[in-house]
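Both complexes below contain chain A, partnered by chain B and then by chain C.
Entry: the complex of A and B
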């Protein structure tokens, strides 16, 4: 097969387009991509999620486990790829790293999508601690959907755990559409099940949320809920010192500014003019 | 992995053996195996599914997942009479949910089940294509149009008179 130059690599000035310099930079069998402006070289077959985690970037997931095959069920790991009109969201756990790929993990669109996903998940299983924590992290403060109080979000982790790590395959998806659920055949105790508990161990929904005073809505006490951060003003999170969205500095600074007499507009513009150092 | 294995360990009935005989035991044959079993028995018995799993060398949940995924497979024995209510959009807005409720109540089974005496099985179908006469209930191949809960009950209780009570 003819070698095609990856889109991001440019032939050297005046040279022919056989792209040898790029070859030198990319180790054999590796691919070079950019994630949030950071260059990273990873092996082929690596997923974007793994590459991002290698860089220390945090991408939330519910259906991913390093030891199991990617499934792409929860969609929380969406990232944006492509430029301009062609920008699109893909699930990073199933998207293989490509040469010259420019991945953005925290754009406005990504954050908004994740927020919506968390809200939907929250309406399925409001009793799950993991989902409540995610809701708090993404600033989901309300739930517009009718809560279902399910105890399964069909992430398939237990199915894969049972099959791939426990070599058993006692449980699987049954039915389809609305009636899809995970169970043993005929809902009977399975001969294949060794009651190892692996399925419970990986389940993201089995952990109950804290049993403190229940909030009037199905979003829990929101002890972790922060105010919306810089995505209100910027297209991307402006966090280059700590984990994304954790600092909340922009919010507190705006508050301070407003409290000391500045108008809302003035304060926000003042903070917006600070350019990221990246 | 487990390709070379005897197809049966001798505990099943000869009917099933006959159905499974032409197959080589490759996982891709699963659906056609299940279809043949359903042709033979009218439904998929639990033992047959277990035998299919053994014959193909795949875990039983795989077979069960496929058998529950497709609407063409059924896991319980069909009754002597089949009552199929159309729950498509047109029939739905014309009030088929109440008809289905009434049928469920009269027969004492949920849609998809068969009465314990094996007389009736109640089914639902997405659309029968005759929306103009909806709500439609089909009993043993005879279409009954404009069914309401009362006529549906009569249909079950006195099937002989059904033609008189249901406009079709």
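Entry: the complex of A and C
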């Protein structure tokens, strides 16, 4: 029988074969891909990030929220696809899972890129706890750029939150390049804004400030250990600020209090925001 | 009067009618009036010529035609006298009468208006003998010399819309796509994707509504190929779009043109209206049952809107920001429908392919890429302008043979290809054939065809700084890597230019540039570090001189140079003293002057004013 090529989906690469590479078809509308060597079958329209998380693989994100449309702005979630010369990085939150896709989530190139991206983030908003944590996680121990001390990294979470979840659309991006920022139309109080606070709620940077002792450098390093400092003194976390409780405020306040002559017990009771639950 | 063209017969009849009408005029004077020509006064020239024709009572003998740009910017405005075929350069309105009375009536050639070949020093009469034109292969731009962009008749007269008739009446969509594939035409917008395959994807996408878009958002500084085509010959792009739409099954087309091109907008708008009036656009074209309509969208001038997904967003009224591909526009594009986007030059190549056949077209270029490409040759080149050559022509051929080498006394140093996100290629790569793949290998890109020639008075670090500045402002700002990365790259390069660079800056530059290239979403970010990477690759010594020796070898970076007066050459004329805006030069008449470096702002006025050339840069 005469050999018939399957209908081409791409131009044959390099002309080495008579037919373009055949693609495995997965039954029932799912797509099959490998992530870090693990086979996974997911529904169509699933992103690579979701597929990886389904496998329990961790990919860092900053501008991603499961309840909002993927945006692909922070680029932290980059993964490597393709082989040889054609290998490239794509943002896994926006890249759709495709049949036969081979994804690698932690190659040298990926890690190097993420490190540099974290360093860039650090130079924008060194006072953000989330970013300091990311720096700690990726072992970024220096910042070679001039710090800007800004509050916004333009991840766009608030914009999407306002539009998609609050059905408002009171804020959006304006300008491009260096002049890009998030604001209300014409920088005036928007009638659409109900001051619901949704934007603040999703912000990964401005709401959660590093409150620890101010570090001598932009990389504070206090969080490198990732241990809650309160548990040195108490049996449980002492903080309102999320589950990690690593802000370190209490420790520094205690120290100050003790130095100014207070007794240990007195200082600790005065400075804890919450009584330990017994 | 204008008759509607309903069948192929009508087109042929129209062509004959127009040819006959033209024959009534024994003489035709063509004046190039593209934007560049208008800037040099061709508008007044056209008026003066028309008045002179009237004044001399030649209205029935001489046809005055204003066309688009002829490509040779240096000699604008150009007047072409037919049937003699004589070309006059830099014609002023007051020459109009002379041309008519001497050349047209008495058949005398006006020597003073002829072009002088700088190499042989001889006067050249005919366009095809000028070296700038001689070495070119003008498939697309040739029509600019012949066609009045405001008249569809002119386009029909040179065989316009015959390709559309051929495609609609003699071919089927598959055959058109086949022909496009055979031609090995690759997208002229920069990415170089094979056009035939692109059409095929879009044709395969299942949808009742599809779109074709003509991308005329040309944002590269110093590049104007698309503008020139839209201004000079708008119908060719329109015809190409109609053929493409027939091939992929679209019924609607959009031309996305930047608002900064007022003449292009006007001409293409007129062209669309004319084609609609003649029935060459609209319902049931040539009685084939194929209908196609075109709208014009004006862009607000963001560089990033040349990227196809950003362009689609912009057309939809959203922010001009790129989106993730896949899904590719061929699957889900404008309004969620399959969309095919090609650049003006690509569309304009299509009628030629259909008329002459894909194989013919493919033979012109290289093995991987067929046809010709228009480059806008600018910078320190003796002859600047639009240059159309077969793909695969060497840089040397373009810069030396066509461009006439370096302007002035300097030496060739580098050529920057592909617009702001292209790379700088040094002297030893001058024999490189210009092709999508070879340029990419050398660290540059073909881009949409910008070509900036630089001589040894150019500082490569300063060049990198210039392009980074453009890119950091034109990045849409969505990706952290591109927005923040280009800004930081700029800051580092700026620091180096100011003499505050550190040795580890070069490593940081390379590291950051690689990350920006790797992790950005769209073509802008992925190519943005090219100016830095290519200059670092080929001109690392210059960076090192800035950092280690605190010296700018080309004498450009203001913080690193000083002006010094040569005591032996200075004649003490006090001219520089008078010109200096900050009174940094002191001295007395007929005595050697001195520059106070602390006061000096390095504006260079003194160097220009010094007659004996006694002031130099260290």
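By our rule, the second predicted complex is superposed on the first by the 192 of 278 C-alpha atoms of A that agree within 3 Å, B and C clash if a C-alpha of one lies under 4 Å from a C-alpha of the other, contacts with A are read in each partner's own complex, and residues count from 1 in each chain.
In the analysis below, a contact is a pair of C-beta atoms (placed from the backbone, for glycine too) under 8 Å apart; a residue touches a chain by one contact, two chains touch by 3 or more.
Fair warning: this is a prediction, and the values are worked out from it, not measured in the lab.
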item: Residues of chain A touched, compared between chain B and chain C (which is higher); value: C
item: Partner chain in contact with A:124 - chain B first, chain C second, else both or neither; value: second
item: Chain B versus chain C as contact partner of A:184, first or second or both or neither; value: first
item: First, second, both or neither for A:95, with chain B first and chain C second; value: second
item: First (chain B), second (chain C), both or neither touched by A:192; value: first
item: First (chain B), second (chain C), both or neither touched by A:260; value: neither
item: Chain B versus chain C as contact partner of A:75, first or second or both or neither; value: second
item: Common interface positions of chain A, toward chain B and toward chain C; value: 172-173, 175-176
item: For the chain B and chain A complex, residues of the former touching the latter; value: 46, 49, 59-65, 68-69
item: Chain A residues within the chain C interface of the complex; value: 10-11, 70-75, 78, 88-91, 94-96, 98, 109, 112-113, 116-117, 120-121, 123-124, 144-146, 153-154, 156, 172-173, 175-180
item: Residues of chain C that touch chain A when the two form their complex; value: 194, 197, 302, 304, 319-320, 324, 326-327, 472-481, 483-488, 491, 504, 508, 511-512, 515, 518-521
item: Chain B contact footprint on chain A (complex, rising order); value: 163, 168-176, 184-186, 190, 192
